[in-house]
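When the chains are written out, they are named A, B, C, D, E and F in that same order, and each has its own residue count from 1.
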Amino acid sequence: MVKVSTKYTRVKEIVKEPFEEIDSKGIKVGVREFVVPVPQKTYYHGAGWFTLKQEKAYDEFSKALEDNATLDSENSYVPLKHQYKGIRVDEHPEYLHDKEWAMATFNGDLVGIKTSDIAMFCYLPTEEDIGCGMEIGYAKALGKYVVLVIPDEEYGEPINLMSFGGADLVLKMSELANFDFNKPEFNFYNGAIY
Amino acid sequence: MVKVSTKYTRVKEIVKEPFEEIDSKGIKVGVREFVVPVPQKTYYHGAGWFTLKQEKAYDEFSKALEDNATLDSENSYVPLKHQYKGIRVDEHPEYLHDKEWAMATFNGDLVGIKTSDIAMFCYLPTEEDIGCGMEIGYAKALGKYVVLVIPDEEYGEPINLMSFGGADLVLKMSELANFDFNKPEFNFYNGAIY
Amino acid sequence: MVKVSTKYTRVKEIVKEPFEEIDSKGIKVGVREFVVPVPQKTYYHGAGWFTLKQEKAYDEFSKALEDNATLDSENSYVPLKHQYKGIRVDEHPEYLHDKEWAMATFNGDLVGIKTSDIAMFCYLPTEEDIGCGMEIGYAKALGKYVVLVIPDEEYGEPINLMSFGGADLVLKMSELANFDFNKPEFNFYNGAIY
Amino acid sequence: MVKVSTKYTRVKEIVKEPFEEIDSKGIKVGVREFVVPVPQKTYYHGAGWFTLKQEKAYDEFSKALEDNATLDSENSYVPLKHQYKGIRVDEHPEYLHDKEWAMATFNGDLVGIKTSDIAMFCYLPTEEDIGCGMEIGYAKALGKYVVLVIPDEEYGEPINLMSFGGADLVLKMSELANFDFNKPEFNFYNGAIY
Amino acid sequence: MVKVSTKYTRVKEIVKEPFEEIDSKGIKVGVREFVVPVPQKTYYHGAGWFTLKQEKAYDEFSKALEDNATLDSENSYVPLKHQYKGIRVDEHPEYLHDKEWAMATFNGDLVGIKTSDIAMFCYLPTEEDIGCGMEIGYAKALGKYVVLVIPDEEYGEPINLMSFGGADLVLKMSELANFDFNKPEFNFYNGAIY
Amino acid sequence: MVKVSTKYTRVKEIVKEPFEEIDSKGIKVGVREFVVPVPQKTYYHGAGWFTLKQEKAYDEFSKALEDNATLDSENSYVPLKHQYKGIRVDEHPEYLHDKEWAMATFNGDLVGIKTSDIAMFCYLPTEEDIGCGMEIGYAKALGKYVVLVIPDEEYGEPINLMSFGGADLVLKMSELANFDFNKPEFNFYNGAIY
């Protein structure tokens, strides 16, 4: 019996498998031992970045996601990194009316939702973001796993009924880094709903 | 040839159909003339009602919808009229934490979206509502026709990219009463997108 | 003001519309009056027909549906009337293994669900039918309005959790003939769930 | 009993309904008689228009659709009439690379499919059109009723397996004008499949 | 050439990759050899547990799933382990009418279906379970891979037409432990359909 | 710091994890080092094989897919390898009218699309294939990631508007072997659209 001591190990399983190899030098018999790593899920990084409070939560959210051993942050979709041609309209307001930019960036975000295992949202009850709202609804109807993450200090504050119902799981920010996303489950938001 | 003078007639077609009726008195032959009324679509009445500005737009929106001859307002779904057990949480804050109330009201709203021909939204660029956002995304992914209606004085103001992309049609409030919803079409919002 | 006395009238609205007609004899001006009939919804007639109790409920269900003024029974989909080539396997057991028969009849039933406004089920808590179960799940995921109708004498008896959650509306048989399906709403089954 | 002699009548039902009207002159009691017209379905007019043979079939197809009493051609979606800004790229090749034109016209076609009851295709086995192929697949996955109409002289010729499986109903052109689309059903293409 | 002798090996591939590492001690050049394990799919564990026969099949089903090297049982969703708050209504009948319990457990099961690669069912032709029926339909419409597993002694017995059509693959219980779920395929049930 | 020199390495991460094992001989403490391999996506191999040009492109396409380190070709779905009972209708024309063969092969292809991460198409602008068209539409509506791969010599040639809009990403054949499919993104086809 093997006991692995760390809590959030990357080891799913240690396989010991007998093998028999035949090559020009003859037959070799043995046991091959290797590690099967813990599976990782990808996520769509849903969040507003339009106010100071949103920006602060955005950073905490991003860090906790990267720390989570069951998530593959490297291969997850962060909309802010996929603005069409690398152009952010908040920095380049001349693109505010560019339909090609808008459609490509919008379609990119849909690709992000569709190709990710989880639609994950940094959700501020006091500064709800309509962009996240649309993504929650889209992901829900598409059959994605929808997760809201709420900063601890705002957890409990009233959230919109449609976000409540769209969510499959609501976490506190402090729970995010260690939640096991290989074990999806459902819960209700334990806060107010308006 | 029949020319009907009113602009928004409820007459789709006047049928003149020959008929032959047989009853106890013998055979009667004639031409039956009747009116086929203009078809009407049902809609989901999506709107926030949380600020004074939203309430004012809500009323204009409701009135224009009722005035539109191609919409069946009587049989359309207005969420505010479908709060579970007739209870509004803004008036009964003791229900803010009631999961049964929340799930039933949320599921009712989804029924509204699913059973309506059009997901119609009263959309204020300066006071975007996350509930509408969620409904836009849900309706879009479900394949519903998504229409945003923007008060004339706010038309052109920046809207969220996800609302832009979720919309199939964007109208000014002043265009709503007379738009022919039996002729669905696509357009782009001619305003800023952030 | 016009008051219509019958309870379940087929009159939605009486329109009086001014008109102006031009033909070879000159201009005719007048007011055209016509009736706009109540809209009717189509339904998928979901039911088992494998036991005596199911057959009895089937007949009551069919009659109530036909009596309902807001439903178009003539143009609704009854699976038993759409067995491929008119062949019922309970009468022709030689078709029990015929893949072509099975795929065509199955696809026909899916067509019935997809082309109907409502997925309507005759639901017996004491004799739940797996075929209806599958159709409830399919219709739910497709975004159809899912209605269960339960014989009054069985209303309250335990039903499967997945049927409970799949349903948008649960009616007693005695409520079916007069329910207004132009006003879709959500409710919970007020009975036991196992 | 009323027997209506024409085969494709627009009369669904003749309602005789007792009424009681109260106005300033007193109470009036009577029976109101009115016609409920046959319901009509809308369709997405799917067809290629890139070769002479396609153009010829396109015209026959359009005419038969207009002749069908169960279809509402006036309110159905014909892509060729919804090219963005009225511009056809076959006549304005300078738009061949215009992303805004392409996205708007494409999104318009999706609106057409989503808002129509039926996805209807003029299908030439000898000149299959990839645009129709995409629309068949999209409509199928969306849960629309997918109908292929094949010119009589080509009926039986091999069609692609994915079109075969995507179709819910396959008609000959000569059957189109009189098919009752209020009675949707499933059939298999009785021709070759490659 | 490497020949691996075991039939159901966990080794997908043995990679030998040249590398060049630079650290404070200088450059190290070499070949890194490592094992890429066989991918594993997750499943939704669909089954009734309401009769003795169902319980027996449930245990065989669970064991075979755990034995299958291409399935990740540790991270798959077993409804019986996700009853809301750990409460089973068969043991706590006081929850039979609890809407919060019912909605949370139902939503949990939907999460299970949505987050799993495969919707897998322990299917008894002689004791069909309506809960599984609903899940088969829901999973089918959602685009999941639907697999029915039938105890060998019941394989061939008649199953409901809707289960037949909802299934993508039907296996005998004895085939389950060794089926390669990384190679999804379609087959027809080779038994009777009613 | 570890620098890995190869460009398309199969190493995602090298984990060094402290462990503590307890067995009959006592406690062993150490650091376990293991490789986490790069994740791989599965794809649906969409392509025509009906002309010489299609066959040539088919082979280049297949080879590039196999060469791509981020794709799991071994476990991807190739329709040509899943013709029902191993029968190809181009070689066995007696199956051209066999409904069981057609439905099973068609359903198999849908299984391939549904169970794959990516719907990938070998797309020839000069010989567009309607089967691919249907699959593009179906995959798009289902929320799959849709990728078109165009031989370099044909890149830029006009493609059908519905393929343009259905695609999430368009690559040149020469880009296929090295594209990182763990980083899904959106782009527009940079060619003509008709």
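The working rule: contacts are C-beta pairs under 8 Å (C-beta built on N, C-alpha and C of every residue); 3 or more make two chains touch, one makes a residue touch a chain.
Note that the structure is predicted; figures quoted are calculated from it, not measured.
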- Item | Self-contact between copies chain C and chain E, residue sets same or different by half | same
- Item | Centroid spacing, where centroids are CA-atom means, of chain A and chain C in whole angstrom | 41
- How many angstrom lie between the CA centroids of chain A and chain D, rounded to a whole number? 42
- Message: From the mean C-alpha coordinate of chain D to that of chain F, what's the distance rounded to whole Å?
- Response: 35
- Query: How big is the gap, in whole Å, between where the Cα atoms of chain A centre and where those of chain E centre?
  - Reply: 24
- So chain C residues touching two or more other chains come to 34, 99-100, 103-104, 107, 110, 141-143, 188
- Note on the structure: So the complete set of touching chain pairs is A-B, A-D, A-E, A-F, B-C, B-D, B-E, C-D, C-E, C-F, D-F, E-F
- Query: Which residues of chain A touch chain E in their complex?
  - Reply: 12, 15, 17-23, 32, 34, 36, 39, 117, 143-145, 168-169, 182-188
- State the interface residues of chain F toward chain E in the complex, per the touch definition above. 1-6, 9-11, 34-35, 37, 40, 72, 74-75, 77, 82, 100, 104, 107-108, 110-112, 114-115, 142-143
- Note which residues of chain E are touching chain B in the complex, please. 99-100, 103-104
- Query: Touching chain C in the complex: which residues of chain E?
  - Reply: 89-90, 96-97, 99, 102-103, 105-107, 109-110, 128-142, 158, 160-166, 188, 191-194
